[in-house]
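Below are two complexes that have chain A in common, paired first with chain B and then with chain C.
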Partner chain A sequence: MKKEIFEPFNVSDNNFEQCVKCTICTVYCPVLEVNPDYPGPKQSGPDGERLRLKDASFYDEALKLCLNCKRCEVACPHGVKIGDIIQLARIKYSKKKPKVRDMILANTDIVGTMASTFAPIVNPIVALKPVRRIMDSVLKIDHHRIFPKYAGLRFESWYRRYAEKKQNDFKKHVSYFHGCYVNYNFPQLGKDLIKIMNACGYGVHLLEKEKCCGVALISNGLIKQATKQALHNVEAFKKSIVDKNMPVISTSSTCIFTIRDEYPHLLGIKNDEIRDESELATRFLYRLIDSGKLKLVFKKNYKKRIAYHTPCHMEKLGWSIYSTSLLRMIPGVDFMALESLCCGIAGTYGFKKENYETSQGVGKPLFEQIESSKADFVATDCETCKWQIEMSTSLKVQHPISILAEALDVEATMKLWNA
Partner chain B sequence: MKFDNIIIGGGLSGLTCGIKLAELGKKCAIVSSGQSAIHFFSGSLDLLGKVNGEEVSNPLESIKTLADNHPYQRVGIDNMTRLADEVPQFLDRAGLKFSGNANQNHFVLTPMGVMKPTWLTIEDFTRFETKDSFPWKKALIINFSGFLDFHTLFIKDGLKKLDVTTQIKNVSMKQFEAIRKNPSEMRSTNIAKVFDNGDALDEFAQKANDLSEGFDVVILPAVFGLLNKQIVSEIKAKILKPLVLLPAVPPSVPGIRSQILLRKRFQALGGTYFLGDNVEEGFFENNRLVAIATNNHGDIKLKADQFILASGSFYSKGIVATRDKVYEPIFGLDVNGETNGSEWKDEKFFNDQPYMHFGVKTDSQFHAMINGEPVENLFVAGSVLGGANALKEGSGAGISLLTSLHVAEQILK
Partner chain C sequence: MNKNNSKEYDVIIIGGGVTGAGTARDCAMRGLSVLLVERHDFATGATGRNHGLLHSGARYAVTDPESASECIKENMTLRRIANHCVEENNGLFVTLPEDDLAFQSQFVDACKTAGIGTEILDPDFARRLEPSVNPNLKGAVKVPDGSVDPFRLTMSNMLDAKIHGAELLTQHEVTDVICEQNRAIGVELFNHAKNEKVKYYAKIIVNAGGIWGHHIASLAGININMFPAKGSLLIFGHRVNKMVLNRCRKPANADILVPGDTICLIGTTSERVPYDQIDNMFVSQADVDVLIREGVKLSPSLATTRILRAYAGVRPLVAADNDPTGRNISRGIVLLDHQERDGLSGFITITGGKLMTYRLMAEEATNLVCKKLAVDKQCETAEKALPGSEKSDLSLDNATDKIYSGMSIAQKSAKDRHGTLAKNIAVGDSNDDSLVCECEGVSIGEVKYAIKELHVNNLIDLRRRTRVGMGTCQGELCACRAAGLLCESLEEPGEAKDDLANFLQERWKGMSPIAWGDTINEVQFTSWIYEGIYGLKPDNN
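Moving on to the complex of A and B:
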């Protein structure tokens, strides 16, 4: 008999009709577990959608408590896009206007530009207790939160000044979507990526002006602006992928997830031409190694015990295998995988005063695992998970790309791939 | 991405295959598009409960009377006997304690208040050796106020037939007020989470003990020990009278715990578990499946020496039925049940429905077939197999566990 593709028939734009009311999703929602004010994935998603279609007044503002972690979707046996249904409902029905605080938290690039320009002043000031108290009471940004430090020299400026010229010496090329975090807070990660890619024989280029992926704009309800930035990015990606035949890689799991999946699902922006070739650097490297086109040589003296945390969006992408496989290739690494659980920060969510308790409650089981892991440090692909884990546990967090860069024998690898 | 073995489906069958193979050193991956039927598990694993409408007392003996194409007949009676004997230790290694005997069914009290024959029962629940007597005369059934998934009246009626007098009492506690606010969230898993996390257990046991003055036995819904298994023995110790737990409407607390413990066992043995990923197609060469493509991994194909299809029955979409045909959606494997749609159903709903026997066809060694030709390295296990009506026979978990262990042995040979 011939193979058939199973295509369930849906009347709605999203697929809430596929829900069989089994309630499995509610078991795995991290918010429902700690905050009873949240109606949970089934109620907020497919059940609520049925009501909202009848009458928009059934919309419940408590839906803003959803972390958009998508763990419900990963669990659902029937492929219901529960997280998307909830986010779309927020976009369509929420009447709450974003607050000044939300605008500040959401505009990671504008705030980043200002803050990194004045980094020597901004860093100590936002770290001061009295300042954090004021931010807490005026802006409702929880005073327990410590803002990630802003770098003095932005990644983009560093790149133009010190790295750009060399990149044309290579035979193969990729573009790099660095994201706000690398640009303003942690340029070192971008430098580490360039170090590895260059050793593997790839020149690394920046896009023609990248914009923030917009994940924080979406979650804070600034949809118009998010759409504008998304359209810009898709065009910039096309110039690299379609016109120059250069795939785009990134080191941020959330940026890449947003561009691949949230653009079409939540913003209705087509990305078919770029989606397949927009991916994480660890996946790009893994593919080369898996198909025999690359081998990494590591230093003999690197010895660390590393506990890997799977960020929610990595869980949804199913891609943690790429990062963890690369880490396991390092001979001196004693690797352990932490049970995949949400850390509770969900981007800007955990910074808001009203969410602080929920955020820490969600993360608690993960923090306990980390404290008992006996690891030297935690590895993870998401920058906001890094902040949360460093704020809430005694361990430091490193990105898999930075770990690889430290353990890599650059010269030996270079010799193999830059003949 | 290369593994020794890849298993499609992460339910009871897929996990059983994966654990068995990993225990013997194979590098395995399981790909599962979502959570499985174990979430609805009653707490008892059935081997064979009924043949031709007659209750079975000795499953291993009665298996001999099943049709030739029944999965049990294809495993073979000697293998069945040996493998069934292995199962309790196999589960024990994952931290799951089950008891029972493949030569002699015991009984469990169902949430409908009826005694049902079964093979292995998880330690949470009470085993009864006969179906027509209950060891206690006066039973107190306790429910949680606002909890709609425990049908106390059915239990009361059922026990009446066994000459047991019962009383039903409701308990409310402030720890449950939060989840009660939202009636649809007053589910057994959410109650279990409250008990898992905090101090509610002592207060509840105190209330139950006060109420059970003058009764011989306390009956409660199984809402204990979702992630923290210890809670089950704690509640048993804290309630002074004998305690009988009964399954509530799914999702099932012991079921989810079982799923999690089996998955953790598989991962602890070095297995890779891909959840939330869908296998989309296979790539064949000379009667062999060389690779599969999944939704998440796209162009990075998953390769293995052997593959096992454990994708479940209609409910999990391992088998799909449209108006006019039944098919296996990933590879388009041969299925039994491609016949005329009008012959699928028996008008009488409770009769043995022909469509319930539909499933993937295999040769005698459980190889999948395409156009009548076996695929050398693609095996089929669990409820995706045709030839049995698991619901009618009471053979669901037995088929999943034993065909999976058998297939794992074929691969290890």
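Moving on to the complex of A and C:
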């Protein structure tokens, strides 16, 4: 007898017809609360999509106010991909061309290469108040924003010069997708990761010419370029995961979220072969520990009070539990979880002059919580959240991997796993 | 309680469908004093229960050339005079693998004879033009089909009739045609709102009751042989297609898919029903099955698209007078002068026809009325635009854009629905701009405008004027908001509660034949809100 195949019935693209108008998404939208010009996720997403299918001129440029935080999708009880519907509408219908400013902000790769080459000159210049005023009026990049400092020695160059050779001495191996931030702005995070992985007995390798994940290109409407880079990255991931049997780990929640979910949903690029083996370093480590394959030994004298902030894309991935569980394992850590709220930066969104007020308005409740947390510093997995929190509060922000690297008793751990 | 009106009108028109509306407009424009009476609300019969297809006539080209040429003429007229009720989508007649491609050339020839412009398309090009079409099509012909909103069209005719002095009564049911010797002189009505009987008199009475015209004629002692044919349709949650999709074969079941406003609909079935069942229309499981099965052949994505509602209407088919068996049924216009036919003067019946030819039917009926009243005035309904569709000059768009600061969803939707009349809707203040119906973009300002200007007596009327409750939530979020607004201006609170229950019951009626999947989820959610939270009971009314 022929086997009957049950296919889901009446399921439309992005589940937009699955919306039962319960409006829960609207309650969870951080933008709507501070900016009434934004129609909200339900109206912009499933409701708006129906109207746009009737007539494309129903597209409203106010959809640009969406942060793409995806908190609406997390809230939706029916699995409607509200954020994706909004992003796709922006891609499909927006007639406004990206501005020069958008290209500068979006091309983290090219700008990063140039800026890090001339880091000693670029860093002080973009930090100057008059320069920020000019960027504000000419480029419409808000003058309150301070560009992240560019590193003189890129992470990739550092790796090739000082780390690459040693990596083959290990028995187990992973690839590392470092992302633009680690490469151009903060190589120390990459170094911290290598320190931990090496201590755990893993060699860390770079992908074959990794390109920027493209999240900023997507949100700024530069889809062609985003697609090109995404295709390149998927191939590079395949070479590692499929050909060499090496999982890919990353320290950026947004990069890994983009590669896992935005590539297929927004760019239509298939990533089935690599998706399961592409994950965050904290998840990779936690799962090893949880299955008894790894144990970390920590220093006795590490004592800190840490407040963890859940980035929106971590909320969407559902992975903050891995980072927080690792932090809780450190004996001297007094851990507190901040309420899961958007910080308001949303990558390049908050850099734009027109979004500054919304951005800070969205973040305000989080900033207040941080100020009253009495923590030594904030921990979070996202680099742009870090900039926003450091600019808007008195506390510094560290990545969970950097915290682990500092608290780890490297020699003791290494003895356990490199016998 | 009885009330008699001493005023004698030139003409009383019975029936608030599109034919009645068109006749009222035409009569009023020719200077006659007009009273139109309707038992429920405008466009509640067959007018509001069809495809909303702006036929090019191509569907009838092979089988009924006369109807086809009437259709294409009226099609072009409606584009001109009722611009805001019409969407010029164009249509495709597709030949599927199981259809005979030979029919295509016969079809194209017949269209040419009827004056319908056709263009034979390469299947590949057709697929690109209309991506939702069955990709296995063998051939496609493009024709000037479109969509027409029957509620808007009827209302617009009513408004113009009113502008020209006509009086309109809804919720007034004809209980008797008053005759004196061999002359009809008036009608006795039952006012459902006030529960009282009332009489009105006129020189001529026009029976434009559609299928119910059979009953109205019998009140005057006249027999018209009507054969009610039920047609069922399914409404889908959103637009799947941009162009009207037809099968290129002889007309059959479920072979037209029409995009209309935010939705699209597939239909129809055709089934004879006994006359005593015409007020009791329901869609059977078999109807639903055949509509889905055939619809998927036209556009495969219908299989995965959410179905919003099912509904059925009755075609007013009339048997030729010399054929009491009803075998020789015409879909053409039937105008009966009962003086000639039955010896009863002052009474005429206009029926048959179709939505597309309502204006022509009205013109023919009005010509006869004028002849009887010895009024010599030409028909102007084909030249003068309906209210909402006036074209002052090229700056029309600019003029309306000035009124709208930014085109919000509500403002754009209102412009689509009311054409140039949208300028009468209050905008700008944040209260007026707030949405009552989020699915269809109906603002508080629009609801207030409809209540004030468009003959709204209850929530169901309001839906026909504005699309409140016609979106995917089917009244879940908007019904209570609209009820609140209606209550402020029209109703007593107790009445409003009944009205709300009625409205939701009517929504459920259309959903029950297709209540599965997301539709049943949504219905359940609606019932939690209204029964669980607000304590509304189904037997409230």
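Convention: the second predicted complex is superposed on the first by the 408 of 419 C-alpha atoms of A that agree within 3 Å, B and C clash if a C-alpha of one lies under 4 Å from a C-alpha of the other, contacts with A are read in each partner's own complex, and residues count from 1 in each chain.
FYI, a residue touches a chain if its C-beta (ideal position, glycine included) is under 8 Å from a C-beta of that chain, and two chains touch if they have at least 3 such contacts.
No experiment lies behind these values; they were computed from the predicted model shown.
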Task: Partner chain(s) touched by A:42 [first = chain B, second = chain C, both, neither] - done: both
Task: Which of chain B and chain C A:337 touches, first, second, both or neither - done: first
Open item on the list: Quick check on the superposed pair: does A:300 touch chain B, chain C, both, or neither? Answer first, second, both or neither.
Closed with: neither
Open item on the list: Is A:17 touching anything from chain B or chain C once the two structures are fitted on A? First, second, both or neither.
Closed with: second
Open item on the list: For A:76 in the superposed arrangement: first (chain B), second (chain C), both or neither?
Closed with: first
Open item on the list: If we overlay the two complexes on their shared chain A, which of chain B and chain C does A:58 touch? Say first, second, both or neither.
Closed with: second
- [ ] Answer with first, second, both or neither: which of chain B and chain C does A:276 touch in the superposed model?
- [x] first
TODO: Applying the touch criterion given at the start, work out whether A:97 contacts chain B, chain C, both or neither, answering first, second, both or neither.
DONE: neither
TODO: Based on the superposed arrangement, let me know which partner A:50 touches: chain B (first), chain C (second), both, or neither?
DONE: second
- [ ] Report the partner of chain A that touches more of its residues: chain B or chain C.
- [x] B
Open item on the list: Counting contacts the way the document defines them, which residues of chain A are shared by the two interfaces, the one with chain B and the one with chain C?
Closed with: 22-23, 39, 42-43, 47, 78
Task: Touch list for chain B against partner chain A, complex - done: 1-2, 33-36, 39-40, 178-179, 181-182, 184-185, 187, 189-190, 193, 226, 250-251, 256, 264, 267, 272, 274-278, 281, 294, 296-300, 315-317, 320, 325, 327, 329, 331-332, 334-335, 338, 371
Task: Residues of chain C defined as touching chain A within the complex - done: 237-239, 259, 261-262, 303-307, 407-409, 412-413, 416, 435, 438-439, 441, 471-473, 476-477, 517-518, 521-522, 525
TODO: Would you tell me which residues of chain A are touching chain B in their complex?
DONE: 1-6, 22-24, 26-27, 32-33, 36, 39-40, 42-43, 47, 73-79, 276, 283, 286-287, 290, 315-319, 321, 337, 339
Open item on the list: For a test of understanding, state which residues of chain A touch chain C in their complex under the given definition.
Closed with: 9-12, 17-23, 39, 42-43, 47-51, 53-55, 57-58, 60, 78
